[in-house]
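The same chain A turns up in both complexes below, where it pairs with chain B and then with chain C.
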Partner chain A sequence: MRGRLLGVIASFGLLVGVVVVYFIFILEEAPPGVAASVHGTTAQLTLQTDASYGHAPYPDWVTYEARDPSGHWQHSTILKIPAGTRYVHVTVYEYDTATGLRNPFFAYVRGTVGGVIQLNGRPMNYVDAASPAHTFTAPDLGLNVPLPGIDSSAKNQCAAAPCRTSEAHNTISFTFKTPKPGNYRFQCIVPCALGFLYGFGGPMQTIGYMDGMIEVA
Partner chain B sequence: MSERSHLRNFLLLWLGLTVVLEVVVVVILGHDIPPGSMTNDTRAQHDVIVTLTAIALPVLAMVWTYLAYAAVNFRASADGPLEDGAPDRGNARLQIAWVAVTACMVLGLAAYGSIDLLSGAGSSGVGSGEGPNPLAKPANAGKALQVQVIAQQWVWTFRYPAYGGVETPMLEIPVGTDVEFHVTSLDVVHSFWAIELGVKADAVPGADNVAFVTADRTGSFQVRCNELCGLWHGHMNTTGHVVGASVFKQWIGGQESKYAGVTKQLPPYSTTYYPQPIRNG
Partner chain C sequence: MESASLPVSRPRSDSPPLGSLLGFNVVSATLLAILAYYFGHKIGAVIGHHTVWNTSSDQDDDAVLIGMGFAILGWIAGLGFFNYPIGRIFGRPVALHEGNEGGAWRYLRLCTDHKVVALQYLVATLFFFFIAGLNAMFIRAELTSVHGTLFPAGNYLTLVGLHGTMMLMMMSAGVIGPLGNYLVPILIGTRRMAFPRIESLTMWLTVLAGFVLLSATLLGGFPTGWTGYAPLADEARSGIDAYLVSFGLIGISLVLVGLNIIVTVMTQRAPGMTWNRLPIVVWGFVTTSILAVLSAPVLAAALVMTISDRTIDSTLFVSSSGGSPLLWDELFWFFGHPEVYILALPGFGIVLEILPVFARKPLWGYKLAISGLFGVALMSFMVWQHHLFMSGINANLRPFYMFSTELISIPTGFIFLNGMGTMWRAKIRFTVPMLFCMAFFFNFLFGGLSGVFLSDVPADTLLHGSFFVMAHFHYTIMGGLVFALLGGIYYWLPKMTGLKLNEALAKAHFWTMFIFFNLTFFPLFVAGMLGMPRRVSSYNAALHNLNVFVSAMAFFLGLSMLLFLWNLVYSLVFKREPAEQNPWDSKGLEWQLPSPVPAYNFERIPTITSDPYGYGEPGAVPVADFGGVPAGASA
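Right after this comes the complex of A and B.
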C-alpha cells in the first residue's frame, strides 16, 4: 500500500517536473531584448520588416528585426525603452511587398506625434488600404502605423534577413510619446503569414516575428 | 451508533452548514456577485446567478457534509480487515425520490432559464447573442441604435451605421437608449463580452450575431474577448462608456470628423465582412 502511494506521488512529481521544464523551455525561447539608442530625451528604435527570415527554424516566415545600439541587426521584437525619455522615434525599413489590410480602418495613422508618419520623407496620416505589407500596431498605446509595401515588381528585392538599404525598401518614420513604465504588446494587423490559413498563423502568432513587446523601464 | 442516529446527525449537520452557506453567500455576499446592475440584463443575470447559487448550496453542503461525516465516522481501522459496506438493494422509494428530486431540479432550472431568456428583463434576450434573427427583442427594437462590433486578432473596432458608417476603436453608447449590437469577426472566432452591460455574443467570421442592451445609468464597462483566439487573446480588452445623450452626440460627431479620411476607404456598411487581402496569405 505504502509502495503504491509512493509510486503515485513520484509519478505526479515527474509529471509536474515535465510540465515545468516544458514551460521553462518555452519561456527561454523568447528572443533577447534590444535596447533603443538614446539621444537626449528621445529613444531611437530602428526596425526592419522582411518577407523572409531566411534562417532556421522558420526561414520562410515574415519577420521584424531590430537594430541594437552598436548597429547590428537582431532577430528580436522585444524592444527596450528607457523610462526617462520623453519620446520614442521609430524608423522602419520596410522590405516586403503589399498584402493589404483586411480592415481598412487600420490604414489610418493613430497615436503618433502630430498624427502623421513620414513615408519616404512625405508626411501622411493615412495610406491606401491595399498598400500595407505590415503594420506597427500597439493597441494599448492607441498606436497604429501602416507600413506600405514595396512594388511587387521591384528587381532588387531582399531574400533574407537582415536586409540592406541597397535593396528595395520604403522608409517609414514616426514618433510617439514614451508611455509610463510597463510592457506594451505590439503586433502586425495585416494577414501576412504566407502559407497559413488566411494568413493568420505562424509568424502572426509568434513573438520574435510579427508580434513583440515594448518594454518601458 | 445506530443508522437512525447517524442519519439524524448527518441531517442536522447538513442543515446547519446549509444555513451558514446561504447566509454568507446569498445574504451577505449576494449583492456583490457580478455582473452588477448597469442594465436590465445585468440585473436579470445577477438574479439568476443568486437564485442558482441559493439552489446549489444545499447540494454542495450535502456532498461536503457527507464526505466529512463518512471520513470521520466510517474510517476503517488501521489493523482491521478491509471490507465494503452492505449493498442497498431494492429500495424503490429511495430510487423514485432520487430520480424525482433531481429531475424536478433540472427541469425546473431549464424552465426558469428559458423563461428568463425569452421574456425576462424587458424581453431583450438577457444580453446574449441571438444570431442574425433574434427572437427576444426590446419593445422598440426598430428604433434601437445599431452598433457593429468588429473583432479581429487582437483588437476591437466599432462601427456606427447611423452616423455615416464611421468606425472607431472606442465604444460609447447613450444611456436609456436601446442598443442593437451586431457582432462579427474578420478572422477567427472571438467573443464580445461587455461585462457590466451583461452582453456576451460570439464574433464569428461571416456571421451577424445580434444582442440587445439598454443601459440605464452612465459609467464604464469592460470589454473582453471571451473566446481563446490566439497569442494576444488575454490582451484583447478595451473599456466602453455609457454616457448621456448630448455627450454621445458630441462624441460621435467628433469621431465622424476625426476618421472622415479613413471612412471613405471603408467598405459600405454590412452586417458581415470577409474582405480578402490582395495576397491572401
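Right after this comes the complex of A and C.
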C-alpha cells in the first residue's frame, strides 16, 4: 500500500510540475507593462523604435522600448493607459532606417487628433510610402501612424537598445483619444523583420518587440 | 498463420529496481535523448550559422531541428530498439519476443507483449489527454473576460495550438493505440501482433511526440493552431519546429500502427475467423488503419516540406518565390479530413461492439455496418476541400465538395441505423459502457447535423472560422470519439487489468460529463452564429455572459474528468478488487479468457465457430472451440 501511495504521489507531483511549467512559460512570459505618465487629462507615452535590440535572446531583432514614469527605458510593448484620461499623447523616437511599405494605404495618417502627426516638428498627414521604417497601427482603434526611418547613410546610428537622443533619429509625435477600457493590439505594418520570410516573422509577431498591446483600464 | 503451440513461458519475477533502471528503459532513453539533443543542437548551430536566414534572424531552426533529430535517435536507442537489429547483424537468433519479462518494469521499456503495449499506450495518451484538457481550462479561463487578460495575447494562440494539436495527436493514438493493440490479436484469435517491435516503437514514438510538442512552450510557442498553415508556419518562431517534429512522429507512428493492424488481421486470424465473423470493432480498426496508412504519409511529406522551407530556404510554400501557401492547405487537409475519421471510425466500431452485449440482441445489419465503415473511409478522401471553401479555391469545385461532403452522411447514417436497429425493442441494460455508447449517438447526431450545415457553401461562408465550427467538431470528436473511448475503457479495462472499476463513481462521471459537455458546447453553436471568431482572445461584449456561462460549464466538465481519473486511481491502485472473467455476460472471444488475459493469450489457438453477436438466438453456438483446453490456460 505504501508503494502505491508513493506512486500516486509521484504521478501527482509530475502533473503539478507540468502545470508549473505551463504557468512559467505561458502565463508568465509576458514582459512587464509600462504605465503612461499622466498630465492632467492626457496620458503621455514615450517610445523608441530600434534597429536591433542588442541583447539576448534575440540581439538582431528590431524592437520597441517604452519609457516608464521614472524616465527609464523598458523593453516592453505592453502600454498601460489610465481609463480616466481623455487623450493619449505619444512621442516616438525612431532610430531605424527605412524599409518602405508594401501597401501605400498605410502611408496615410489615420485615427489621430486632427488627422496629423508631427515629424520633427512638422505637421504631416501622409509620408512617402518608401520612407517608413515602421508604423504604429492599432486596427481596433482605426489608428495608423507611419514612422519614417532615418537616412541609411546617417552617421552615428544606434547599435543597441536603448538608443540615446544623441544618436541619429526622427521624432514623431501624435495624439489620439483614449478609447474605452479594454485591450487593443498594435503592430507594425512595415515588413521590418530582417531575415524572416516576407519580413513578418520573429519580432513582428512577438510581444515586447514589434507586437504590442495598449491596455486601457 | 502462427503455429498452434508456441512454447509459453511465464514472466519472471520483478527485477531489482536499480538493476532495471540501469538497462534500456524510459529513464535511460530520457537521459540519452536530452544528451543527444544538446549534441545535435551544437552541430545544428554550426550548420545553421552558414544558412541565409539564420544569420540575420537570430532563429536557430537548424540547431533545434537537428537537435530534435538526434534526440529521437537517442530516445529510440535508450529504449533498446537498436539492440535486436544490431544483434541480428552479429548473428543473434531470430526472436519473436523481447522484454516480456520483469513484472511492472515491463511497462517502462520496449516490450513485445501487445497487452503491455496497450496499457502503456493507455497511460501515456491519458496523461497527454489531461494536459490538453488543462489547456482547454486555460482557454476557457481566458474567455471569461471580453478582452482576455490572463495570458499574453500571443501566448493565447500557443495555448489554442497546443490544445488542438495535442488532442488530435493523442486521440489519434488514444483509441487505436490502447484498444486496437490490445483487442485485435485477442479478437482474431492470435497471440501477438504481426510486428511486435514496431508495435512497441509506435507507442514510444507517441510518448516522445507528446513531450516534443510540450517543448514548444520553451521555444517561443507557435501561432498556427493545429493546422500549421503556411506562410505563418514558415514565419513562426522556433516553437513551430516542435509542432512539425511532434506531428511528424505521430504521422510515422500512425502509419506503422496501421500497417501492423492490417497485416495482423490479414495474416494472423485463427482458423474459422472468416471475414464475416470478424468482430465489428476489428473492422473499425482495419478501416481506421487504411485511412492512417493512406493519409498520414501526405502529412509527413508536408511537414518535411515546411521544415525544408524553414531550414534550407526551399520556399515551397512561399508565393513570392514560386511556391504556394495553398499547397500546404491541400496537403494538410488531404490528411486532416481523413484524420477526423481516424478519430471517428474506431468510435463507431466500439459502440457497435458494445451495443449488442447490453441490448442482448444480435448486431443489426452487420454487413451494412461494414459498408458504412468502408463508405466513410473511402469518401473521407473526397471531401477535404470543404475546409478550403473560403481559401480562394476554384469556385467550380465548390459544388462537388459540397455534394460529396453531404453524401458522406449516408454511410455515417448506416452506423446510426445499426445502432438504432440493435437497440430497437431491446431490453437494455443501462451499464456505464452502454450509457456512454448511447450518449455517443446523441452527441454525434448534433455533430453530424451541424456538419451538414457547414458543408453547405452559403452557410459555410457565414460560419467559417467561428465558434459554430468549434462546437461542431467538439460534438463529433469529444461527444463522439471520447464518449466511445470512455465507454470502451469502462467496458474492457476490467479485462485489461483484471480489476473492477467503481460503478458509482463511473455513473457519476458519466452523468456529469454528459450534462456539462452539452451545456459547454451547445451554447457555442449560438456564439458562433452570433459571430464569435475562433482563435481570438477578444470578442464582442454582448457575448460576455454567454462565455462566462460556457466557461463555468467547462470547468464542471473538467471536474467530471477528475472523477474519472479518481476512479482509475481508487479502483486500480488502492481498492484492486478482482474482476470476474465475464462480468458483462458477453459472447466476445476476449471475455472467454481469464481476467487479465494470460501472457500468450491462448494455450492453443482456438477454432472460431461463430460471430460474437448471437444474443437471444436459439441454438447459437459458442464463439470458439478451444480444443478441450480451458481458454487462456497457460502451460
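What we mean here is this: the second predicted complex is superposed on the first by the 194 of 217 C-alpha atoms of A that agree within 3 Å, B and C clash if a C-alpha of one lies under 4 Å from a C-alpha of the other, contacts with A are read in each partner's own complex, and residues count from 1 in each chain.
Here is the rule we go by: contacts are C-beta pairs under 8 Å (C-beta built on N, C-alpha and C of every residue); 3 or more make two chains touch, one makes a residue touch a chain.
Every value quoted in this text rests on a predicted model; they were computed, and no experiment measured them.
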Contacts of A:Asp211 with chain B and chain C, given as first, second, both or neither: both
Contacts of A:Tyr108 with chain B and chain C, given as first, second, both or neither: first
Which superposed partner A:Phe200 touches (first chain B, second chain C, both, neither): both
First (chain B), second (chain C), both or neither touched by A:Asp68: neither
Contacts of A:Glu167 with chain B and chain C, given as first, second, both or neither: neither
Chain B versus chain C as contact partner of A:Pro59, first or second or both or neither: second
Which of chain B and chain C A:Arg185 touches, first, second, both or neither: both
Set of chain A residues, in rising order, touched by both chain B and chain C: 185, 193-198, 200, 204-207, 211
Sites on chain A touched by chain C in the complex: 1, 4, 7-8, 15, 18-19, 21-22, 25-27, 29-30, 57-61, 182-183, 185, 193-198, 200-202, 204-207, 211, 213
In the complex with chain A, residue positions of chain C that touch it: 53-59, 130-131, 134-135, 138, 146-155, 158-159, 214, 217-218, 220-221, 223, 231, 234-237, 309, 318, 320, 538, 569, 573-574
Residues on chain B engaged by chain A in the complex (per definition of touch): 150, 152-155, 157, 167, 169, 186-188, 230-232, 235, 238, 259, 261-262, 265-267, 273, 275-281
Chain B-facing residues of chain A, complex: 97-105, 107-108, 110, 125-126, 128-130, 137, 139-140, 142, 185, 187, 189-200, 204-207, 211
